[in-house]
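Could you have a look at this structure, given as structure tokens, before my questions?
Letters A, B, C, D and E name the chains as they come in the text, with residue numbers starting at 1 for each one.
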Amino acid sequence: MSFLQDYVYYIGAFGLVLIGLFIILSRRNLIKVIIGLSILDTGINLFLISVGYISKGTAPIFSKPGLVAEDMVDPVPQALVLTSIVIGVAVLALALALAMRLHKLHGTLDLRKIGELKW
Amino acid sequence: MRILWLVLSPLIALAVGLFFLGLSRRVMARIHWRYGPPLYQPLIEIFRYFTQKGSSHGVLFGLGIVLSLAGSIVVILFLPFGGICSMSGSGGMLVVLYMMLLAPLGIALSGGEAANPNASIGISRKLMLALGYELPFLLIVLAIMTHYDTISLVDIVSAQRETASAFASFPLVLSGIAYLLILPAMLGMRPFEVVHAPQEISSGPIAEYSGPYLGLVTIQHALTTFIGISLFVNLVWGGAGNPFVFFLKMLVVLAFGLFVNAAFPRLRVEQAVRYLWRWPTLIAFVGLILVVTLGR
Amino acid sequence: MSLELLMVVALGGSLLTYVLGRVSSRLRNGFAVLVSLALVAMVASLYGKALHVSYYEDFLGMSLVLRVSGLSWLFAMTASTLGCLSVVFSLSYMKGKERTSFYYSMLLLVNAAMLGVVLSGDLLSLFIFWEIMSWSTFLLISYNGGPALAAGMKYFVMSFVGSLAMLAGLLTVYGSFGTLEFGGVAAGMLSASPGYILAIFVLFGVAFGTKNAIWPFHAWLPPAHSEAPSPFSAILSGILIKMGVYGFLLIIFVLVGLRNFMALGADGLPLHTVLSIVGAITILFPTFMAIMQNDAKKLLAWSTVAQAGYIILGISFGTSLSVAGGVFHFVNHAVFKALLFMVVGTVEYRTKGVRDLDSLGGLIKKMPLTFAVALIGVCGLIGVPLTNGFVSKWLIYKTLILERSPFLALVALFGTWGTILYSYKFLHNIFLGQLPEKYKDLERAPMTMRLPMTVLSIVVVLFGVLPGIPLSVINSIDTSFGLKPLNVTLWGLASDTGALNTINILAAVFAGLLIVWLVLKSGGRKVSVDQADNYAAGAAIPKDKYQYSVGFYAPLTRMVAPYLKDFMDSFYMRLAGWVGGLGSGIRRIYTGYVGDYAMYIVLFLAALIFVQLTWSPW
Amino acid sequence: MDRNQLTKWFKAPTKMAHKYSLHAVYFCTGCGVIEIPPTITARWDAERFGVIPAATPRHANLFLITGYVSVKTLRAVIRTYEQMPEPKFTVGFGSCPINGGMYWDSYNTINQLDKYIPIDGWIAGCMPRPEAIFVAVTHLWTLIDKDMADGYKRYRKHYAQYRANQEQVLGELEWPPLFQSEREG
Amino acid sequence: MVSPVLLIVIPLGLAFCVPLIGMVSKRFARFVPVVACLFNLVVSVQLLPAVLSKPIVVDLGGFGAPFSINLFVGPVGILFSLLIALAGFVVSLYALAYIDKGPTTRYHTLYLLLLVGATGVVLTGDVFNLFVFFEILCISSYVLVAYRGDKDGVESAVKYLIQGALGSALLLTGIGLLYGLFGTLNMAHIAVQAGSADPIPLFVAMALIVVGLGVEAAIFPLNAWLPDAHSSAPSSISAILSGIAIEVGLYAVVRMVFTVFGASSMLSFLMFLGVLTLLVGELCAFAQSNIKRMLAYSSIGQIGLIIFAIAIATSGSITGGFFQLVSHTLSKALLFLAAGYMIYRSGSMDISSLEGMGKRMPLTAFAFAVGAFSLVGLPPFAGFPSKLLIIRGALADGGALLALLVGLVLLGTVIEGAYFFRVIQTVFFKKGDGETARCEAPAIALVSMFVLVALIIVIGVYPSLIIGVLNSAASELLVRADYIGRVLG
């Protein structure tokens, strides 16, 4: 049980990553692929958070008495995730914008049919 | 003495060559059961040619035949004739091989200038035939030069006189046989007469010659015959100590050629080349291999 | 005279020619001729000197050196002279063509690069100039467009393979000896193992062999020579491919050393034997190919390959006689082959680009001088006595016979007979026979074309009659290689195993000519007749049809053509096809479906991790 | 060779040489040529007298017009004759060249050859036997000896007329006149 | 002494100024990238001597080394920032004339951002920072690829984006893993601890990072986006992508493998991968009929060559690899720039449509030829010393395997020569279909091309000009302890 407790976030993150990858690799619809990317990103963000997370940990505020360093959650991953979320959103927005454009130009979002550039 | 021989040897060669021409016409006539022309018939004809009016097709037309004849004369100077060689030591057998080029080349140039396709056809046949017999001939010459380890014709002759003629010595006997097989081709005799086929291509290269030009061509023919036969005698039959023996040996070789000439029909040039590149080449090749492997 | 100045003049002249061409074409032409003449003079003034200049101290840690020795002087002299004559020849040949400034500038650049190759004193600058030479040559070969493009491509690819092999070789040398200067390399080679030397030799041999177009690497040459502009074909065939000969001489005699070279594979199959067999193949096969050709320049191109074989045969024997023969044949071939290409150029120029041997004929009536020089050139090519080709071939044959290699001698001599066949075809189909109606009003060649051709033909005869002049230079090269000096006289050679004396031959031939000429004169009157007054079984001559030049050697062709396949060439072409096919195949992995691409990324990652976890190789 | 002959050789070597090397053009105009092969082969062996067929008119000095001459052949006959080097001799063989013979009213044979080229001698008959050829040859010898075989000189002299005759039958000729100056004069 | 931070800050600031200036005058806004790049160029040159004598480490935020984000301006960094500034400068000059349609201010903003991202990647000493800059680089390049808004552009941008995002995700995962392992993001700090870490997670992290970065660096199986993106982007962007972006990706890979992980056992694998990339790139390029696709595949090949050279990991070969990088940047930028206007004038990217361009645009065609010659490695152009150095480095080792690989590399070079010379023949020697009017590229574009031509020739003739930088860059990569020592003090 403690295994699950210790690793649940990792398992979740891993699961999300796998789901994301699976979607990217298997779906043909661009929107779905973008969703897959987003899920992948989420999974990675979760992974990053869980790297620094301590179960029942506290905020890393040294000025508050009673909080010991060993129980503190590492703040760095959270800062990283913040950045990564921003980046992820930017990519997502861009991807969606491009998807719209693509649909306008190609009339489809099926990636298999959008293969004029090859070889 | 040397100067004298320089002057004399072409004359002797011319005389012998013309005699051979007359003789061969006579012999051929006898083989045909005819009476035949007098022995000096070639001389009459040459005389007639020189007194006729020639028609020239350009400067090269004359120049080519002059070049050709001059080449033959120079070759004669390089050939030992029964112990006499006016120009030994100026390049040896290689020079002879090369100077022998001049004769057909000169005729070819002047025949080409004549702008007669019959001449061109004849020349092309001549060159192809030459390519045909040159392969076994070179094999033979190389075998002999390698065997005696010299490129000088005089040395080859004297080496044969010291030991035995090439025909009679073991590794060279094959070369000798091969030489016999290609001799008619080198002399332009019957089975290999397609170059000058008179009916089909109007005598080929010489179709357009008339008057003095034809006279020169006839002289050239006489000299070529002389050269071909004397080269054979020198290379594989040991030359001779004096001109008379040499002459006799040449007669024998000529007789052989004439019998072949009389007995065979004409080959097409492909057939001729195919023949020349088959048996004579094979024999000469084996001969050369023997010479190289056995050493002296 | 400093070597740097020479190179600066050569390279700068080429650049400046282009710039001047923007200003005025007359100025440019004058300048180009001037530069090439200046180069000839400067190279000539280097005769007998031994200079050694380091002109670039630190190129990636290697110093670049120019030097002049007897060997490089001979090559430089030939190159600059031919370059000069070719520039002069181009003056009328290129008139009215487009992009002439580019042409002249490249011509001079090739010339400069060749000078650089032969004057460089270390392998790196040799390589640099070699490459410059390669690409400028490529540009000139492609100059004509059309079929020249494929030819240029073939040239470039093959030559590039060669030069990359050379690069690998020279860098290996650098890795082992830490220097690329000839002296240092030679010193290092003394103690090198035979396997190492063999590897180096093979690497360099590919480069030099490709340039020299010896047998397995000859495929580029026929199309390149035939499609290039004729004055450049003259350079290409005359001197450029001889850079390969220079390379072979350099590596055999200067770098590896003769003793090392002869010892390579001495217990099994000696390398020099292999080289001479390659030379023999290079003589035999291209000679027959040349007989089959119907394009004047292609015929000459194959003949170039064949003659290259003689040179290789000569130098592969490594005796003083044979090396002298090989080097002399290089000089001679440069002279007469350049001459013949110029002849074709002249014909091409006058007939507006016709060089098909089937449709010419009778031009002797219209261009007598061109025919005369062509005849002299052909005589040199065949090696008729009293032309330069005879002396060099004589030296080679004599070596072959004296060294008891009768089979190689057979090939060499037999090749000469083949040479007669194709060179007669060349002469006959262009100059002899009937003059076609459309060429009735052909003018003779312009002055700027006749001049270089005349100069070259004079050289052919001069070196044939007085072989002592070039042979004394070559003899000094022989001695610098550490070979036994030859006993050279002005008239030829004196030695105990068969001497050569051209004065005797000259006298005999002249006397013979004189006598026969007198006899001919003494005969009856001669009248000149028109070519139409010709025996045609009494019929009037059909104009334009009474000419035998198509299928000149048809019976022979029928006989040998089935056995005469340029299988190396088809192999190369097939190889190129394979590479193209491989490329087209490989690029199919980029399917255009992005899911596949994502899959590649994931799979690659997975494979990396899987391999590490399973075998942990990293 | 008797003494008479030897004297002749010394006196006029040129004539003797021409007499004893009569090389005939190997040109078969009409049916008469059937008589040539026996003449030159073993049965009669013309080579005894130096008479052999030559491959081209350039080599020859004897022109045997063997049989009828059609208009088409006439063109070739003239051409061949003009290409032979001087001195040259012509012999009309059979009755057709003389007067047309059995073809005298044919629309495309000529009746009188010597209107077009000079003839040095005739052999009558249809066909003449090989022996007649030898007779003709010996006659020709005599004529040469006496300088009477001068057809080629006559041709030169009267070329304008011969040419006119030729053109009358053949129309415009493809080849230029053989002797430029005489025609103008 | 100027602070290296300015290299990032000033262009970044200017990037956001572009839209503002663009509101005032669009014409004026065009010049902002030129100014920014010129500034970077000047600063980099100024920093160069100092950096060569001693790398500059800038701690941002004032903490000590492992805790703060630091910039490490070593020889490698300065080399790359110089290259980026130079190529950026030249291309921005070119773009003054070339980018004349569409939302130009946005182009210039994004262009500057791309350069900032690239500069950031090469200067930073922090893994996560690297990721951030990398994302800046990638995102701006996604947009720029689609700049034209045409079918091909958008399609390739989408594909590029999907692959790039996947790569970034892997990279981020790897970084997370690293952080989990070592609790630090400072490269030097990671490098110190890397030796003592559990090998399997370390390897997984490395694999993730290498693959993630490898997507941008166009290592063989990960490079499918490249031909599409490079061929359908505007030519100025193709030049930057080919000349800068993939090199920066490569830098990141190399930095990770050499400095951070010190994974010398990985190198022989990378060597094979490099040769494989080279061969695949060259073979694919050989079969192309589209000029820009051909150039793009050729970039793949060149990257393979650089990877091969650097993976040999001797100082000579790394110097060669960097040299090749420099010459590739210059030559490929030149090629794309020249090809850009030729395509623009002929209206088609088909190689056969370039027939007769040698006459219509002689100077552009000349520039193209110089670029091609240099790329093939012919003297006296910049590509020659670089190939010479690489092969010298590879052969100096003397191993049979290396010799074999060198053979393959040379084979690739031959193929490369073949297809480049085919194009040169088409441009110069094929007779065009009638159109012969001169239509030379605009002067400013020609100036930019000829700056590159001059650089290529000067570097080709005097390689010693840059060899010093390259040598110290090579030693920076090789001597890991030095790097660690510099950063951690």
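One rule holds in what follows: a contact is a pair of C-beta atoms (placed from the backbone, for glycine too) under 8 Å apart; a residue touches a chain by one contact, two chains touch by 3 or more.
Quantities reported herein were computed from a predicted structural model and do not represent experimental measurements.
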In contact with subunit A as well as subunit B, sorted by label, we have C
Could you split the other chains into touching-connected groups, assuming subunit C is not there? A, E | B, D
Chain centroid nearest the full-protein CA centroid: C
Chain of greatest Cα-centre distance to subunit A: D
By number of contacting C-beta pairs, the most connected chains are B-C
Farthest chain from subunit E, going by mean C-alpha coordinates, please. D
Averaging only over C-alpha atoms, locate the centres of subunit A and subunit E and give their separation in whole Å. 28
When the C-alpha atoms of subunit B and subunit D are each averaged to a single point, how far apart are the two points in Å? 36
Averaging C-alpha coordinates per chain, one finds the centres of subunit C and subunit D separated by a number of Å equal to 58
Just give me the whole-number Å value for how far the CA centre of subunit A lies from that of subunit C. 68
Per-residue overlap in subunit A, given as positions that touch at least 2 other chains: 24, 33, 114, 116-117, 119
Give me the residue numbers in subunit E that touch at least two other chains, ranges are fine. 158-159, 162, 166, 227, 284, 287
Give the residues of subunit D touching no fewer than two other chains, as numbers and ranges. 56, 58, 83, 85
Set of all touching chain pairs, with the criterion as stated earlier: A-C, A-E, B-C, B-D, C-D, C-E
Give every residue of subunit E touching subunit A within the complex, in rising order. 128, 131-132, 135, 139, 142-143, 146, 149-152, 154-159, 161-162, 165-166, 168-169, 172-173, 175-177, 179-180, 183, 185, 227-228, 231-232, 284, 287
Of all residues in subunit A, which touch subunit E in the complex? 17, 20, 24, 30, 33, 37, 40-41, 44, 47-48, 51-52, 74, 76-77, 80, 83-84, 87, 90-91, 94-95, 98-99, 101-102, 105-106, 114, 116-117, 119
Subunit C residues touching subunit A in their complex are 584, 587-588, 590-595, 598-599, 602
Residues on subunit D engaged by subunit C in the complex (per definition of touch): 27, 56-58, 75-77, 79-80, 83, 85, 174-176
Per the touch rule, the subunit C residues reaching subunit D in their complex are 524, 530, 532-533, 535, 537-540
